[in-house]
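Listed below are the structures to be examined.
Note that chain A is present in both complexes that follow, paired respectively with chain B and with chain C.
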Partner chain A sequence: MSEHRLGTQVGQLARRSVLRTMRQPAQIVPALVFPMFLLAVNSGGLRDTTNLPGFPTGSYLTFALAVPFVQGALFSVMNSGTDLARDIETGFLDRLALTPLRGAALLSGLLAGAVLLGLVQAATYLTVGLVAGAELVTGVPGALVIVALSVSVTVAFGTIGLFAALRTGSGEAVQSLFPVFFVFLFISAMALPLDLIQTDWFRQVATLNPVTYLLEAFRSLLFEGWEPEALALGFGIAAAVLAVGMTAASRALKTRLVRT
Partner chain B sequence: MSAAGGESTRVARFRDVALAVAWRSVHNFLSNPAFLVPAVVFPLFFFVAFAGGLSAVANVPGFDFPSGYTAFQFVFVLLQSAAFGGVFTGFAMARDFEIGFANRYLLAAANRKGIVAGYALAALTRALITWAILTAIALLAGMQVGGAGIELFGLFGLAVLVNLTATLWAAGVAMRVRSIQGGPLMQFPVFLILFLAPVYVPLGLLSGWIHAVASVNPVTALLEAGRGFVSGEPVVVALAFAIAVTLPILFALWANGGLKRAEAAG
Partner chain C sequence: MSSPLANGIEVEGLVREFKNGPRAVDGIDLTVEPGEIYGFLGPNGAGKSTTVLMLTTLLPPTAGRARVAGFDIVADGPRVRASIGAALQEAALDPLLTAREHMRLQTALHGIGKAERRARGQELLERVGLSEAADRKVGGFSGGMKRRLDLALALAHRPRILFLDEPTTGLDIQSRTALWGEVARLAAEEGVTVFLTTQYLEEADALAGRVGIIDHGHLVAEGTPAALKAEIGRPTVEAVPREQGDRERLAAVLARFGPNSGASPRGAAARLEGGEAQLAEVVRALDSEGIAIETLQLHAPSLDDVFLAKTGRSLEGAGAAEEEVEVAAEAVDAR
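So, the complex of A and B:
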């Protein structure tokens, strides 16, 4: 009975979250267009880097195709967080707090929009990349794993958006997080493989940066083949971010409801 | 009152309005970390990411830039920060319209063109602060500068004109939309035109569609001239300055149209 109620609660909020995402092209379109634009620019501008000795593939497009999956996931931080912040700002969360709704249901339901966004993003990036001439050495099974990894990363990052929204209660504050996540993306093995980064401190930071391993997981499927270690690291990092994000968001929710 | 006296009064009114608007805008910028920090940190971050993370690009066959990859990227980041300094000032203008403050400017200003000039002055002040920090960090990071004083003056002169162009573009949008929701409209075209230029390698090393687009992109000439200045081997200077001077004139007309729309909207 209790499980059924929890399931109903999650389902209702998930439906609302999915509809809300679908009804806001301003959330979906930039998350699709912006990463594709950077892919086009970077794969055109850095094409000749494949001539560097030791570059792992002859196609920079294939190498760069990993980036949109991670970059797109950053948009879920903004989208999930901004939606929840708007609920806080408009008083909707206060009204929910008067109902028997469980915190876990609220957070899980809100992430349904991130799942939808992750699916749409992954399908779009992969299709555009392959049409443009990128490789996918692992074939259809690899494509399915790429979609699964993309959704996992998108949902994991979405929890950080929820945490930020619950802590600050401000959409503007959530939006200001976007550049912070871009730092993580840019100071990683985004543009070149780790062993080709010449600046020592940059290579060391990129080696410590978990985003590097998310990129390597996608890259392994695109041009290296089945690499269990790379995949385990990619999914493991997504799971760790999800666990930390959900824990932090749950605590922030409790604090906010106490304040309410 | 004589014609000369009337003219000097108009100039004085314009100046007073511009300085008052600029003072408030600069004060807001300097006193609010949410505005100040991103304006300074973003260019530094791009500089670090490009010059640090992509330094191996200098080893690509055919890459031959005498001052090295750090200086090569410094010019792009300088012009990018110039452009985004203008765009962010457009955000401030849009916010002022959204909260109704800009309407008070319109009511109070004896010369309304001075309002736009004030925001442009503020954008330039913001950019100068950013450039001072960026240049200091680049020099500390070992950037090699082959250009002499006059060439560096040319480089920063180009940056000033880019800053003015972007401010006038963003102001035109801000005064038409009169809401911060116009932010993406201000930002995205600037981002687009900047990144469709030879950002990572010289034009000669680009190929395919990006070479075709970069070849007709006016930012390419600005970048090439700027890189020529920093390396002490100036190229396409006349073309770059022709573009850099023409663009603010065109966008001044665009901003003036926006001002008229804002006035009409009350």
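So, the complex of A and C:
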């Protein structure tokens, strides 16, 4: 037998995660369709918002196109968490625990499905948005950075799903998180730029909400140009969520897997 | 450090106590010799699965010691896991993966080299009769196919000791017999030590060289099936009256010869305190009471009789209440 290398373990579990994601259209389709539906409704209904003095772009579609990337990432909380919760419920996690599997390999491998989902989502949202007439002032390099940011956010949010699954061991509990996360999206600068939000308490909440800065990072690439500060904040928040989520999930895994 | 019983199991005073719950396993001592099939028999909730979880290192014991394949289950968890294979209760499979993909994942995680993985997977799938279904998703498998795949996965890394937790529960008789055949072959031809939990008497009888009977977390009897039955030594007589109105009178007559025992809903049964020689007396008593009999059967002692003698209850259906207690205890315990 060869050495139990971490790379092999991650690779095999990543392969499984990707296969599972590809074989569950019910995971992929809602993550693609619902954000596009919301984009269509918002960009149609709020089109005249661009007439507000100081609105940063003349195309509300371009402004709203940032939302699907974050909304889609929320689906990864549900998908990665539900998959792991199902492994716990069915005893598959015990099967894995009986092998020389390392905890880090398990968590990393499980997130591979989120990477795939993030890639497919980003490519779809961007393509649909551009075909519908959205701007992309940073061109092809910007598109690649948008995809990278989208995957980063999707993976980062996925770790929260893993944590929830390991803490609760229940797919239903993980799914109940979805509306909670959705609230974070709605109390951000989702519909208006921060400086145009007139209601004080809402502006303050949106200013404190990290989702606002994820949206601003996407928006900077879509219609503002290369904004290092916005990108640093966006990638930084994704990295922070990833670090916190991965640490919490690792601890929860140790509690869940009490193998000696 | 490895002990002399390198392919066996040694358990001393093993205890598992759940938070806010009962002692699921309460001081078990047992030894399983290398190459032996050991049947661990008991009703649902008796502590069988908890014992298996401890011996497979998935659940730390509250007290006591155990060595599996010569390694301490607490101090040498990784070495224990490398030496054992386990098919735990309910075949834990991914319905979205094929049988071949399961084999590939399992062999890779056990560190089997890339070149050997495919051959080993194919060999095991053939052995359990799943080569034709190898590329089908497991979600469409029957219960028997899932159990056979579960067994193949447990054997992926050529373990010296195999834990099978109720491997045939819910299977039809054909699937059950096929699985028994493979387990018997593993022990006989490959020298694999098998620790088999079951609630089926006939399974323990057919497969196990020795049987341990567990009830409420205690080992209440241990020995070969033949020795245990000989220890009880009392056959059971079961009769069905021609007229159902005579059933209570029939039970009263049989009760003169020994305690009532499990019988079909239409009949009554009693364990003959005086052995099979009393059968003639039973017939005479029924005749003198004027009870017409449709069928009369004499059953040799079974493992259920052993369980009844040791616990005061029949094994059949004995575990329903305890199962709820154990499940509740496990649910509140942060494993």
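Definition applied: the second predicted complex is superposed on the first by the 254 of 260 C-alpha atoms of A that agree within 3 Å, B and C clash if a C-alpha of one lies under 4 Å from a C-alpha of the other, contacts with A are read in each partner's own complex, and residues count from 1 in each chain.
Going forward, a residue touches a chain if its C-beta (ideal position, glycine included) is under 8 Å from a C-beta of that chain, and two chains touch if they have at least 3 such contacts.
Keep in mind the model is a prediction, meaning the values are calculated, not measured.
Asker: Superpose on chain A as described above, then tell me if chain B and chain C fit or clash.
Answerer: Chain B and chain C fit side by side in the superposed model.
Asker: Just checking: does A:255 make contact with chain B only, chain C only, both, or neither of them? Give me first, second, both or neither.
Answerer: In the superposition, A:255 touches chain C alone.
Asker: Which partner does A:141 reach: the first (chain B), the second (chain C), both, or neither?
Answerer: Touch status of A:141: no partner.
Asker: Quick check on the superposed pair: does A:99 touch chain B, chain C, both, or neither? Answer first, second, both or neither.
Answerer: Second partner only.
Asker: Just chain B (first), just chain C (second), both, or neither: which does A:236 touch?
Answerer: neither
Asker: Name the contact category of A:25: first (chain B only), second (chain C only), both, or neither.
Answerer: Touch status of A:25: no partner.
Asker: Between chain B and chain C, whom does A:90 touch in the aligned arrangement: first, second, both, or neither?
Answerer: The answer is second: A:90 touches chain C but not chain B.
Asker: After superposition on the shared chain, which partner residues are touched by A:49: those of chain B (first), chain C (second), both, or neither?
Answerer: A:49 contacts chain B only, not chain C.
Asker: Tell me the contact category for A:225 with respect to chain B and chain C: first, second, both or neither.
Answerer: Touch partners of A:225: none, neither chain B nor chain C.
Asker: Figure out whether A:7 sits in contact with chain B (first) or chain C (second), or with both, or with neither.
Answerer: neither
Asker: Shortest C-alpha to C-alpha distance from chain B to chain C once the two structures are superposed, in angstrom?
Answerer: 17
Asker: Please name which positions on chain B make contact with chain A in the complex.
Answerer: 34, 38, 41-42, 45-46, 48-49, 52-57, 59-63, 184, 192, 195-196, 198-201, 205-211
Asker: Along chain A, where are the residues that touch chain C in the complex?
Answerer: My answer: residues 1-5, 8-9, 12-13, 15-16, 19-20, 23-24, 87, 90-92, 94-101, 255-256, 258-260.
Asker: Inside the complex, what are the residues of chain C that reach chain A?
Answerer: Touching chain A: residues 56-60, 73-75, 77-78, 80-82, 84, 86, 88-90, 92-94, 96-97, 101, 104-106, 108-114, 137, 153, 157, 334-335 of chain C.
Asker: Inside the complex, what are the residues of chain A that reach chain B?
Answerer: Counting only chain A, the residues touching chain B are 30, 37-38, 40-42, 44-49, 51-52, 176, 179, 182-183, 186-187, 190-192, 196-199, 201-202, 206.
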